[in-house]
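Order of writing sets the chain letters: A, B and C. Residues in each chain are counted from 1.
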Amino acid sequence: MTRNAKLMQGNEACTIGALAAGLEFYAGYPITPSTEIAELCAEELPKVGGKFIQMEDEIGSIAACIGASLAGKKAMTATSGPGFSLMQECLGYASLTEVPLVIIDVQRMGPSTGMPTSPAQADLMQARWGTHGDHPVIVLAPGNVKECFELTFKAFDIAETYRVPVIVLTDEIIGHMREKVILPDPAGLKPLRRAAPASPAGYKPYAADPDGGVPLMAPFGEGYRWHVTGLFHDESGRPSGKSEVADKLMRRLARKVEKAAPLIEEHFEESLEDAEIVVVSFGSSAMSSLSAVRRARREGVKAGMLRLKTMWPFPDELVARAASRARRVIVPEMNLGQLALEVERAGCGGAPVTRLGKVNGELFRPEEVYASIMEAVK
Amino acid sequence: MSSTLSYFRQENLPHIWCPGCGHGTVTGSLIRAIQRLDLDKNKVCIVSGIGCSSRAVGYLDFDTLHTAHGRALAFATGIKLARPELKVIVMTGDGDCTAIGGNHFIHAARRNIDITTIVMNNNIYGMTSGQYSPMTPKGMYGTTAPYGNLERSFDLCELAKAAGATYVARATSYHVPLLIDLIEAALQNKGFSMVEAIVQCPTYFGRKNKVGGPVEMLNWIKDGVVNVKAAASLPPEKVAGKKLIGELHNAPASEYTADYDELIAKVQRTYEGFQGGLYGCASNSD
Amino acid sequence: MSDQPKKTYILIVRERYCKGCTICVTFCPKHVLSLRGGKVWAEHPELCIGCKMCELRCPDFAIEVHEKGEELGSGVDDMDLDLPPEALHD
């Protein structure tokens, strides 16, 4: 069968990717610019025997998804800034109780109601630190429509493998733009499923190797009769206030993500080998940046592009290596320097970092990034 | 162990509730109702929020979920819709259910999703030691109502009925046989059922309002209610100011998850020869 | 009065669970129970009429009523008896 190209919207590609990964449950609440995801799930899930529900708010949405995931189903929700803020407490709940879950945050200009139909990337820190307390979370950032499919699919694999909430961080541009895409044949895809115990005998829901081990996960309703609580808990899932229990759980959860980092890290790079001016970006800002880098290269400037696709855990070594020969690092992003903070922390061989923040609700034009590159050449 | 105790995680007993707290009585009543119906322990999920009453699920030998404050019904909706064959029960308190959880409560009732909700109403926030709640009677005291509560409280049964619940009942931790009967009936209702159990909190409500200890509080609760069947034939002054106990609303209606399964069957028939999967849905979605 | 022999009951008390809240003691219609050392104690088991209100009302599942002769094993299995300081009043 010739794999036919399709003109597809980013939000649609996220949904198709989720369906290809075996999505069985979607609970959400309408919010621009993510609503197309909910609409398509409402249409597609019944066809595959899946369930869709529009809850009364975003808190109910993520709570229902966690319930469905505990019942053994692959679950997802999608939202934008204001809804993502409402979801934070339960996101932390899913982190501590280690419930697989995928959340798509289609960023829009904030804070507050902001500019609902305008793009932004200012939820980056919120995606990592939005909920209270140290907690494991993994954040992927598609840079085009095809990656909406690929990274949403991958988000489910990661969530199922590591029993962790995974956030797919897109923005209004990536979510709403349409591109020609050729998607893989679903028959060839092997979505992963959480490792389950063989039998209820002696099942300990949170027993795992302290060095980042992932416990086996039993679905509700199959005779395991296990307990899930948002309180710190011991290996049998029983609430515990013991300090050593807390310390052990906290460090195992953190270590889980540390160990996953090198295995899931993904990025796009171009002409970095001899790059003296390195542009580091993600999502839609990276589209304009790449265009600017290529223009500068054509004019003989040693510019290079690094586009991150795994935002958290942050790829420190990758950024440090990419910028090790740089005289200047430029970080174009639609916020006031959230990615730049991490890039500076990762260290760029001492190269100064230009925070190229755009916060007027518009996408970067390539010439804006180009001007910053040429500025650095002087 | 008695057949009742076989439904408990005995390694976790004795429980944390204060001496004479009514939550234990309601938990025991739920278990006795489950026992009567001989429900399969492996197919029951009990979900709770946050608060004294919500600690109940940790002691019960089922698939149990102790969620975030006020969100039990939303988590439970996810479980029930994902796996309609499971019997889903929510144990919640007056604060957890009617304050922070009020939005999820009225919407779960509106949907008439088959979840049995036991609201253990002690008219106070016990876990955080004695603040007033949406169910604290006007004029009574809490640590955050030191001069008397100004707010009027919900009639939780009227609220549930108005929101769409198809089974609504009220009892107390004094009227235990009635409570067990009502929970049993609620568990059998194919739709959203709510049983409000008025219970005593001697440690905070009893002391703060000078009602007294467990025994005095039970008498105070007993005097504050009247059975709905008896009320009909009692002179008005005997009923005035008293809460009705018993079965207050029972009007079965089509159940949310059953309707959704019908929808799936209809949709899948419409797309005859539909093989699902990527291209199956992609081509259909244009 | 029917000539049927008067039924007698035994009361199982799980002292480890009992918190001495006195609900059962106060509301027992036949004043069978009393407090001893902060725990419930069946002072007059012979007066028990088997109404089980103590068992149903107990917030701590600390008391249980069984008709004498009722095969203990059926209602109460051995797990219960080896709970430390259990008082078996009959």
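The criterion applied here is as follows: a contact is a pair of C-beta atoms (placed from the backbone, for glycine too) under 8 Å apart; a residue touches a chain by one contact, two chains touch by 3 or more.
As the structure is a computational prediction, the values presented were derived from the model and not from experiment.
Listing every chain that touches chain B and chain C alike gives an empty result. Most remote chain with respect to chain A, judged by CA-atom centres, is C.
Taking each chain's centre as the mean of its C-alpha atoms, chain B lies 29 Å from chain C. Chain C has its Cα centroid 59 Å from the Cα centroid of chain A. Between chain A and chain B, the centres computed from C-alpha atoms are 36 Å apart. In chain C, no residue touches at least two other chains. Across the assembly, chain A contributes no residue in contact with two or more other chains. The touching residues of chain B, counted against chain A in their complex, run 9, 12, 41-43, 45, 47, 50, 55, 57-58, 61-68, 71, 74-83, 85-86, 103-104, 107, 260, 263-264, 267-268, 271, 274, 276-282, 284-285.
Interface residues of chain C, counted against chain B in their complex, comprise 12, 16-17, 19-23, 26-27, 53, 56-62, 64, 75-77, 79-80.
Note for the complex: chain A touches chain B at residues 6, 12, 16, 19-20, 24-25, 27, 40, 43-44, 46-49, 51, 53, 55-57, 59-61, 63-73, 75, 89-90, 93, 183-187, 189, 220-231, 238-239. Within the complex formed with chain C, the residues of chain B that make contact are 1-5, 8, 10, 13-15, 17-25, 28-29, 32, 173-174, 176-177, 180, 202, 213-215, 218.
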